[in-house]
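These are the structures in question, set out in turn.
After this come two complexes, each holding chain A, first together with chain B and then together with chain C.
Here is the complex of A and B:
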């Protein structure tokens, strides 16, 4: 009833958002799909229709498959890691101790630093020559590590940097969710003799399903599209060990002037992300 | 209760209007600026009374000399303003690529690396200069410089400077180790340099470093010395060339400096000159135009000739920056005026004097040979460079896909520095490169 009366003003409220959504989200997706079946000619700069040729050449290219593998491995590690860490951090920040506001403040500092700044900072700290991290390792009697210079450690280093930067942000949403849990529920469960772990599994977790769904989906999409750390720190190296699809797409567009191929990669990346997110929604569907 | 209702209503209507207002102001602002720029564009090309602003995409290393050039140019041409966008080398090609592939009009004059002249020409990024600069201009540059900036008989960019490399060394470190200074006129072999570097390496001091760590421009001197060819004649195949046995041997030497001999620091190009000027590196192969920087750092240094492999060809790097005009520029006349000033007129002299770079202009080159100033150390560096560029320089490979070739080779060099096997790194690189070069079929190099 009420909804019907206000439908006009609701639409009016939503208009800017819907317009933005169409202009900045849906139209580019549509455009990318269209552009991915075209290729640009030299000299004239004209576009010509090539059908699925861009996709065919991608599937025949080991560089693409390697890039796909790196993207999937990266997301398989970083997403669960960030979600678990963010949850743990949120639980810590939710404890009732003195000066908790101070801790809530400092955990947010990495979030406030911009991604390029964070990358440049960590690049200096992780430098194999005179980096502070290696100095600490050496002082502790350990061997210095190559970090971003090694094909075995580079992806791990980027995961660590991205998580350092991202976890604080995601934990905010979870903290908000935790604070919504009525204290009486926890009290009641502990009176019933529930251990902390049981309390967590049977009381907190079910009540956190909504914020968790948001976090899982947001973290996944953010990390599938993560690009700047690889671009700034490794450029996909060493030995293509950090060459994620986003970077490969960027290189094709802006270094190798192959827009069609770049769009084809974007479309594939979009399909993968959509599939993963759809599955996540299915598994985490809330009952209320 | 009663006063709450109207307030709610008011808010309900106000918010969307506010949002709409924000949107509209956003739009009108955008429209305003674009209208402004188009009107100034129109005036710039038709009447000379209004000021024209041209945008110049330049490599940040040239900030000091180029600022002086621009100052002098603006003084002579009060109605043209030059806006310099200084970009570090790693971002320069990308910035240009992004702007020109989107046909941006806010880019007028740009730096063009010699091997990229063909790449930019093929993509239609550059305005041919033949009709924009005087016909006798070509005779004022060296023939080789003119050749490198021409494509299909047309001048696509104007040569701004050239470069060569010399071996700088830190005299204090040599003295401390009791090792005699290298002979200024005798060219050392790479093997001698390596052995010397081993003796000079100790705690916190590395024996040797390249200036352009991981960069093809400088490292090609190694493979050129072994007469390795990097690409097929049509410039479209790297497999069998860039990973030939000679190339592998040359770059194995590079990889060993870091991993086996451990005489070179695993640093990036941006750090290399500071490592030398702060005394962390004893020998430093670097470009001639770094002399003013090294001299001003107060380092006690000497100079000798660029090394080569024992019993092999003497090969030195060479490369140049040229300036071109964007095809999409709306100020081509003004841009041409600036280019003439920078590459033919007074600007060329300023750049030579302030930047210490090797000039492609015949009269300036002659002055290096005759002016007694260049007999004295350290100014003799430029005379050495001029001689090397005439006698031993090997230009970089000619291919429409130079950008693709270079980016992937640089990656391979970096991997080798970090411990990858050179054979494998090069094999992987040529595979990627050949795939990327396919699209240039039909636009052969020659």
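Here is the complex of A and C:
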């Protein structure tokens, strides 16, 4: 049967949420695109239309190109790393051994540790002079490392810290997917004489397509826009080696009060993220 | 030793190494938070058992956080912002999901696609333009500025919608035949059945709020409105050498989510499983 509903109840139930989503989620994107072709006078606060000038000056600026390079290098390493590790961890946590619930519980712990908290914690532990990690390295007969203080190691240190927090969290999604695979399917394939690897490629991977798509997209968008480690730990240094686009955009908005430039970077970042996500969707669709 | 037990032993070895990797940094922070400041550097190098055990146990670091660094206010702020988001988010999200499941109107599919879109757009992308909007509303450095933009939440709508779709439609139909208003159907019939999804959604919202950093950093200026993650990051710049207090602050920031998640872990994982694996 068809339930009768009137316009009044539809508005009552839906309007507050839709208004909120439009105003605070969709409008800002639209406004970023529009504002990126304006510039704000520093003294008067007046806005004037400048066309693509914000973009042109960005493309002429080596700071922007370095920032783009850092963002891409960072993502080319951290995304595959976190996805592969999360999948491996989920497989490990899905084995049927005694006390597995206990080990699952342990990898649930980083859910309670936010990225900023993980940064503060590891910042103290990685301190070049008195941090515990260097004390351990020295005790093992190795040289102490500068970690976040070195332009060669800072990005790697941030990748390690973000993954320490992230991998357990992402593997939760994959573990939920793995647990929905019926055990009978796996038994049948091993009775048929399929090797572990063949079973993984032909039975597990195809069935994991949906959760895998989800975390590939979620990991990528999260890392392309990762901000707090760079803000808290390095402020983009040393020598701009961790100055990702998100930080550069934040600094332009709130440090140098150049909103037009900040929006232009944000639009570029949005375009990159959308492109990568679209490519991944396409790749995941065709590969199975 | 046969092959079976050897592979099991290997699995346990891997699990134990991974578990230590996760837990040791936290255990070290926990232990160090009970040290007096002058002890922090004393036992760091060369490494001995004293590096990992507080020989002069003290609550001093925790006391300092609350008496000198204003963590009482910070905790109240974070709880208030979290609670407001949970209550507002549950109410608006469940009502919108209710409309999407039980009402028929033109453009419903399109609107729902828009909701899904907002839930997939990462918050960081909109944070800076959102700041301009909130600024022109006069909400910078107010509770409204931290709370209101996050209340309408696509994820919550999605979770409630999944749950409503699994409820028998006859329940709602017969209530409507008996002349119950939609508001009554929502408050008296549907919502009382929603306990599991309500707990899942509350946890997801609260933890998300507890961990949020970028937005409160942008939208608040004064100490009055500081929330925990921002306060923690300020600590690094302002009091970089008070390691015992920094460790204590880290432990405090982890403590509340742990206390909530330990008994309610099942609901949190269900929420996550629903977002990750269902359409």
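The working rule: the second predicted complex is superposed on the first by the 262 of 288 C-alpha atoms of A that agree within 3 Å, B and C clash if a C-alpha of one lies under 4 Å from a C-alpha of the other, contacts with A are read in each partner's own complex, and residues count from 1 in each chain.
One rule holds in what follows: a residue touches a chain if its C-beta (ideal position, glycine included) is under 8 Å from a C-beta of that chain, and two chains touch if they have at least 3 such contacts.
Keep in mind the model is a prediction, meaning the values are calculated, not measured.
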Most chain A residues touched (candidates chain B, chain C): C
Partner chain in contact with A:5 - chain B first, chain C second, else both or neither: second
Touched partner set for A:227, first chain B, second chain C, both or neither: second
Touching partner for A:262 - first (chain B), second (chain C), both, neither: second
Partner chain(s) touched by A:128 [first = chain B, second = chain C, both, neither]: first
Which superposed partner A:254 touches (first chain B, second chain C, both, neither): both
First, second, both or neither for A:16, with chain B first and chain C second: both
Partner chain in contact with A:112 - chain B first, chain C second, else both or neither: second
Intersection of chain A interface sets (partners chain B, chain C): 9, 12-13, 16, 19, 253-254, 259
For the chain A and chain B complex, residues of the former touching the latter: 6, 9, 12-13, 15-16, 19, 42-45, 61-63, 128-129, 146, 149-151, 235-240, 251, 253-259
Parts of chain A lying in touch with chain C, wherever the complex brings them together: 1-5, 9-10, 12-14, 16-21, 23-29, 31-32, 35, 89, 92, 95, 97, 103, 105-117, 119-125, 130-132, 134-136, 138-139, 164, 168, 172-174, 176-177, 180, 210-211, 214-215, 217, 221-222, 225, 227-228, 231-232, 246, 249-250, 253-254, 259, 262-263, 266, 269-270, 273
In the complex, chain C residues that touch chain A: 8, 11-12, 14-15, 18-19, 21-23, 25-26, 28-29, 41, 44-47, 51, 92-93, 95-96, 98-100, 102-105, 111, 114-115, 117-118, 120-122, 124-126, 128-133, 148-152, 154, 157, 172-173, 176, 181-183, 186, 207, 210-211, 213-214, 217-218, 229, 232-233, 235-236, 243, 246-247, 249-250, 253-254, 257-258, 261, 265, 268-269, 272-273, 275-279
Residue ranges of chain B touching chain A (in the complex, touch as defined): 12-13, 15-16, 19-20, 23, 93-94, 97-98, 101, 122-124, 265-267, 403-404, 407, 411, 414-415, 417-420, 425, 428, 431-432, 435-436, 439-440, 442-443
